[in-house]
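In the two complexes below, chain A is the common chain; its partner is chain B in one and chain C in the other.
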Partner chain A sequence: MSDLPFEEAVYWTLIDLANAFLTGTFIGGYYAILSMGLALSFGVMRLVNLAHGEFLIVGAYLSAVILQILPIPPFFVLIVVVPIMFGIGYALQRFLLNHVSVQAMERRGMSANFGLMAPILVTFGLGIFISHLLFAIFATDAMSIKNSLAFSAIRLSMDLSISTLRFIFFLVAIAMLILLQVFLRYSATGRAIRAASDNPTYAALMGIRTDHIFAIALGISLAISGVAGFMIGMTRTFQPFDGPQFILVAFGVVIIGGMNSITGSLVGGILLGIVQVLAGTYFGPSAQLVGGYMLVLAVLAFFREGLFSR
Partner chain B sequence: MIGRFLNQIAEPVTSRWLIAVLLVILILFPWAMGEGGRYYTVLLMTVFIFATLGHAWNLLAGFCGLLSFGIQVYIGLGGFTVAILKYYLNVPVWWAMILSIIVTAAMALLMAVPLSSQHGRRNTWIGVIVAVVLWIIYEIIIVYNPGADLFGGAYIRRVIILFGIFLGALPLLKLQGAYFAVATWLIAAAVASIFNEWRVVGAGGGMNIANETTVMGRYYAGLILLVVATGVVWWLLNSRFGQALTAVRDDEEAATAIGIDIRLIKSMVFLISAPMAGLAAALYYIDAVTITPPDAFHIRWSAYAVFVVVAGGMGTLSGPIIGAIVFIIVQRFLVGIWSGGDLTLGIAAVLLILLLPRGIAGFLSDLRESASNAASKATVPQAGLGASTGAVVSVSLVPSSPALHLLPGTAQWRNLRVGMSSVAQRIAAERPDTLVILSNHRAPPSEGRTAAHLSGNLRDPDFSTFGDIGFDIQNDLPLAQALEQAGLRTHAPARAENVVDGGAMAALAQIDRNHSLPVVVVDLSGLAPSDAHGVGQKLKQAAQDLGRRIAVLGLSGLSGSALKPDINSDPGHLASADDDQANRQILGWFQSGDDAGLQSGLRSLATGRGIENHGAVLTAISGLASGKADVLCYGAIFGAGAAVVDFPAGSTP
Partner chain C sequence: MSTLVRKGNLFSQPGRDGQYPILTVENLSAWYGELQALFDVGFSVNTGEVVSVIGANGAGKSTLLRSITGMMNRGKTAKIEGRIDCQGRRLDKLRTEKIVETGVTMVPEGRMLFQRMTVSENLLVGAHLPRAREMAPEKLEEIFAFFPRLSERKNQPVSQMSGGEQQMVAIGRALMSQPSVILFDELSLGLAPIIVDDIYEKVRQINQSGVTCLVIEQDMRRALDVADYVLVMLEGRIVLDGRPEELSVDAITDAYFGTHEAGGHA
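What follows is the complex of A and B.
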């Protein structure tokens, strides 16, 4: 270190900071994928999906099980997992959630407030059901997706590196974000989704089959959750009852970004990632969680509907 | 029958006696059960605890519209306060329980400030600065006198104080809907992670509340708690404050408009509900003996509260009590049949919302209502099957303004909507093959001008930003063609070149919600009233030729619907008394079945009153009708006259 233009202490401070921002940013990509589905289902259907965490775990188990049966490279499993998750989401919205949605409750003469609550209670029940179902099949043995990338890293300098997986996920997050935006903006179905989210009543008046459109939206939401679940499996072990710990992260991200903004979830994810890593670096690992929560509360104190809410 | 029985119970005198008897039974219950019935005594106590918890949550959600997911923060604080007071200061648990009110109320206060709406942000900053200065002074004191550190550790002290400042600065009660819900949840999660690290409360391992209370003592504590909580809620609802509360629940904007300080009311309720939950939790953990942060701050508690309230009936006094009984039955009794109390609860929650969305209390009150209605309701004559051959089977007039449909919450239009739905019922009873809409298509009725009032609901009146989205409404092409051959201009939806105006779409949504009927829109714009009079004959002819049973829906406003610039921001206002007279004159002709009078009188009446554009539809409808019409309702939409009229259809020509 003799050739540095400043003292070693300063160097390490800078490295710590750079590491925090780098790691935080790339964790942000991971967080964004975790929460994008939640933002979509809230944005389109006003659905506060309490079973979101459980769906992530379902995605993780699905990926792990398929990979155990089929000896294919890990990333190819998504070709199977994403359609399956889409199907689950579509069926769920079509046959269950459409009957208890905000709109359905209003049609049955309930207040809008209650309309928000009914799906919450249903998805809460659903979450419990799913985690118990997974428990019945897999017991509590921790599972993970074995892969060669989990421990590899990209070295930027002697003291700076980023996890290869995190880097890939960051790229995946950005790709998914762009894809989703293009889909919502330019495809007929995407337009219908936006119309239905703006005003379901008027969209229905225009002949849009909102039931079908909402089902597609939840399908996409769950497909994204499938990718997120795969990601969880790649980076760590998971158990049937792990859902709730992800949902709070996802909600935090979505709140920072704005409940209905999909782009917001990337920015929210990055912000949350950086703050968590910074808090962890300077105040110890236990400060990570609290630091993240405080960030969310601080954002709410100034932006009551998140940073990017429409 | 059950409904009639319930009605008898609900008589004030009867219900007072019933409550008294029930109380006596509950007071004697543990004595009667004795040692052998301990299990049921404990079970009842659990019902009391969850009913109290339900009351606390119901106050927020059912009466204030504050959907909280963070009630577990009071659960944890209530329980841990008792544990700390008992363990460190050896305070008797009952006293500790009462003292927990202070802690939970203080927490609620911290979350509910800042109260001021005018200088909210400035006061917040002042508060934050004062708090930070006090904090620095406190830190300095600790440097010189480590004994002053009440928190047992520098890190945890700083986190707690910092978090407190964050909470104080966050205007929690200003958050809306899901944001409020998730924010309260995050707060509870943050407190949980602080408690997980805090050595004073066992650093995640939890604490013991070793106590000398008896089952009997805990049972009565629970009973007193529930009675007091129910009493408080009852008092809240029946006091002047309660009237304001109900106003807020029913319509927040309207409540603000009549001068109710919503924020103050919400803060008050927030402050009352917190100790309620805390006390319930304190009793729960005195009974459970051990308390750990992961258990006490678990989101499960909120879900339990939601279940209790929704199962019972949200926004009702008896709801939480009924719900708590259901909850305990589901969670404790069904466990034996099926493993996992939470699993049963999850499934029960889904079924409940699907089957009884208004809860058991709501279901019971429906039963009561239908019982009292059955006694008074006269028998409704069944609509005759009519001719099996084609005919015009129903004729009605509805307002053309889409505002009615787009602003569904507007109280002033309630009668109009009721009228619309009764027309919808009558049309459905006739089982028509096709719905023909007579519309003044080219001048979309008052859309442009009312758009200003609809901006919140209607971003884009013609939906052009969404491109060319086809719609799923069926059409009756043969009928449309027949009508066109007869010289009428039609718009059959789903023919690419045709669009249906917003008024027709909105009316259609009210009259035929599922789009089950094929639709043909007959465009009468630009037609002279004298020509329009023949439209009826053409419709009848086409219906007969094709063997269609058609329902005709005239889409028309009355005075001021299109031409008058006067659109008052009050949705139920009518532009002038002169307009009112003109409208009543028109409706009078309808009522007396005076088709000739309408034809001759309408022209002079219409000029200058904005009725000109509707002349064609009004005349056509009048010409189609046979006999005296039934004016179901008459009102105003943004200054323009509007009415729903049901005409007798001359089914046999």
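What follows is the complex of A and C.
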């Protein structure tokens, strides 16, 4: 450092910062998609879905396997993966989780705090079941989705570039966020989801079938996780027991952004991304995760409910 | 006039005054766990009428409406027995979302709006039923014409509105489903008398437009004013009923407070 002329040192400092912010921001889009489903299911049903990480991995395997069978361009696999994941989520909520939901517990006269526990335990068990099922099918061979974009980058200047995939994921995250908000705000089903979330008893008085509506909500949550799983497969290898490391990221993001805020998951994702990259740049790779979790702790300390919680 | 006090279940035969009843309740009992809140309640409401139910706190008025709208079937602890019919459909075994499809809806005690949604959104959720959804845009305009105050506050979250305005949203939300019967639970709760006058004027207009109304009201004068027929409840039973002009204030007061056995004529 000290050998460099002053102008050059300033230049590299700025480049490092710009890199950290750019890379962090674009990683944030990917993080947002990893977490959006978790924020949605918590926001709508107060469901703390501990199997969220495993569903991401299911999405990754589903994408990879279908792409091995069908010779289509990678992104087209989503046309199949998204509906399948939606179906799994719908069925899961309709036939299992509705019976152990916070709302079901409240109907039985339990307090909300106590009622929160039942679905947590059930999804915890479900996560273990899913990872072992994946293990039984695929063993521990690391899998990934082969694609030509994995190592391509968009050059912004001589010393600044961003990964093409991250850039695409960022755009996808923004598109999904807008789509989801428009759906929740302006469609009859979206309004029904919000009404059922607000007060299921009186939503029923409006003719809303809350069982069906909650099932749609988890369907959407898993459909998003399907997209996220595909993105995991596009950028790295994965194994059946990788779920927990992703749910940690997702929890970090929703704690920063606000447990029930979908917009918060984008902001939370970007903040987490930037802090991680900054920590990594200045304190070495091992500081990345630590830096991220320090941000999570800081948000918890100063904004109990996250930055965007309603 | 305490001889007018009669015990429940008078109208198990549909057809009071030779008219066709739109809503019939027979031998209805209701429980919250071990606690019985309704005992063998029976009455009928004729098409186009306003029937008022009056009674002291805890008499079972809200439980009666909750039973009709299927809300006593939702939990594991609450349950009902008896029979409820509306427009040829049996309601007592149906779920709430099916009951409202038959044309019954309720403006619940405490309004129970969707707090995180705006005025328009609350109203639109009221039109969730397939039969109402198509007409929702026209109906929404009708409601805004009916309650001009709401049209000025379309996009305001309901949590930021006054009690009276919230009550208007609750009534509008019920109207959005295009019901034939509306059950109103304590419209006047927590509202200034002037606003309550307005609201009851609206109820009268809603009734004149052809909607049958079952109105729960603690304020005896208002209940009698608006009603074609009155039911007085005491401790889970209907203890007096009749046309407002047939009932003396003494008889109603006695029934309301349960003082008829003590004589009443001091």
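Here, the second predicted complex is superposed on the first by the 304 of 310 C-alpha atoms of A that agree within 3 Å, B and C clash if a C-alpha of one lies under 4 Å from a C-alpha of the other, contacts with A are read in each partner's own complex, and residues count from 1 in each chain.
Here is the rule we use: a contact is a pair of C-beta atoms (placed from the backbone, for glycine too) under 8 Å apart; a residue touches a chain by one contact, two chains touch by 3 or more.
Quick caveat: nothing in here was measured; it's all calculated off a predicted structure.
K.L.:
Judging by the criteria at the top, classify the pair chain B and chain C on chain A as clash or fit.
P.N.:
Superposition check on chain A flags a clash between chain B and chain C.
K.L.:
First (chain B), second (chain C), both or neither: which does A:118 touch?
P.N.:
A:118 contacts chain B only, not chain C.
K.L.:
Just chain B (first), just chain C (second), both, or neither: which does A:194 touch?
P.N.:
both
K.L.:
After the superposition on A, what does A:207 contact: first (chain B), second (chain C), both or neither?
P.N.:
In the superposed model, A:207 contacts both chain B and chain C.
K.L.:
Just to be sure I read the superposition right, which of the two partners does A:250 touch: chain B = first, chain C = second, or both, or neither?
P.N.:
Touch partners of A:250: none, neither chain B nor chain C.
K.L.:
Tell me which partner A:266 touches in the superposition: chain B (first), chain C (second), both or neither.
P.N.:
Touch partners of A:266: none, neither chain B nor chain C.
K.L.:
Which partner, once the models are overlaid, touches more of chain A's residues, chain C or chain B?
P.N.:
Result: the larger residue contact count on chain A belongs to B.
K.L.:
Going by the contact definition given at the top, which residues of chain A touch chain B in one complex and chain C in the other?
P.N.:
Residues 108, 188, 191-192, 194-195, 198-199, 201-202, 204-209 of chain A touch both chain B and chain C.
K.L.:
What residues of chain A sit close enough to touch chain C in their complex?
P.N.:
Against chain C, chain A makes touches at 107-109, 188, 191-192, 194-195, 198-199, 201-210, 310.
K.L.:
In the complex, go through chain A and note every residue touching chain B.
P.N.:
Residues 42, 46, 48, 96, 99-100, 105, 108, 110-111, 113-114, 116-118, 120-122, 124-129, 132, 188, 191-192, 194-195, 198-199, 201-202, 204-209, 244, 248, 251-252, 255, 259, 283-284, 286-287, 289-290, 293-294, 296-298, 300-301, 304-306 of chain A touch chain B in their complex.
K.L.:
Can you name the residues of chain C that touch chain A in the complex?
P.N.:
69-71, 74-77, 95-97, 100-101, 105-106, 108, 112, 114-117, 121, 124-126, 128-129, 132-133, 173, 177
K.L.:
Can you check the complex and tell me which residues of chain B touch chain A?
P.N.:
It comes out as residues 61, 65, 67, 124, 155, 159, 162-163, 166-167, 169-171, 174-179, 181-183, 185-187, 189-190, 193-194, 196-197, 299, 303, 306-307, 310, 314, 340, 342-343, 345-350, 352-354, 357-358, 405-406, 408, 457-459, 463, 466-467, 469-473, 493, 502, 505-506, 508-509, 515.
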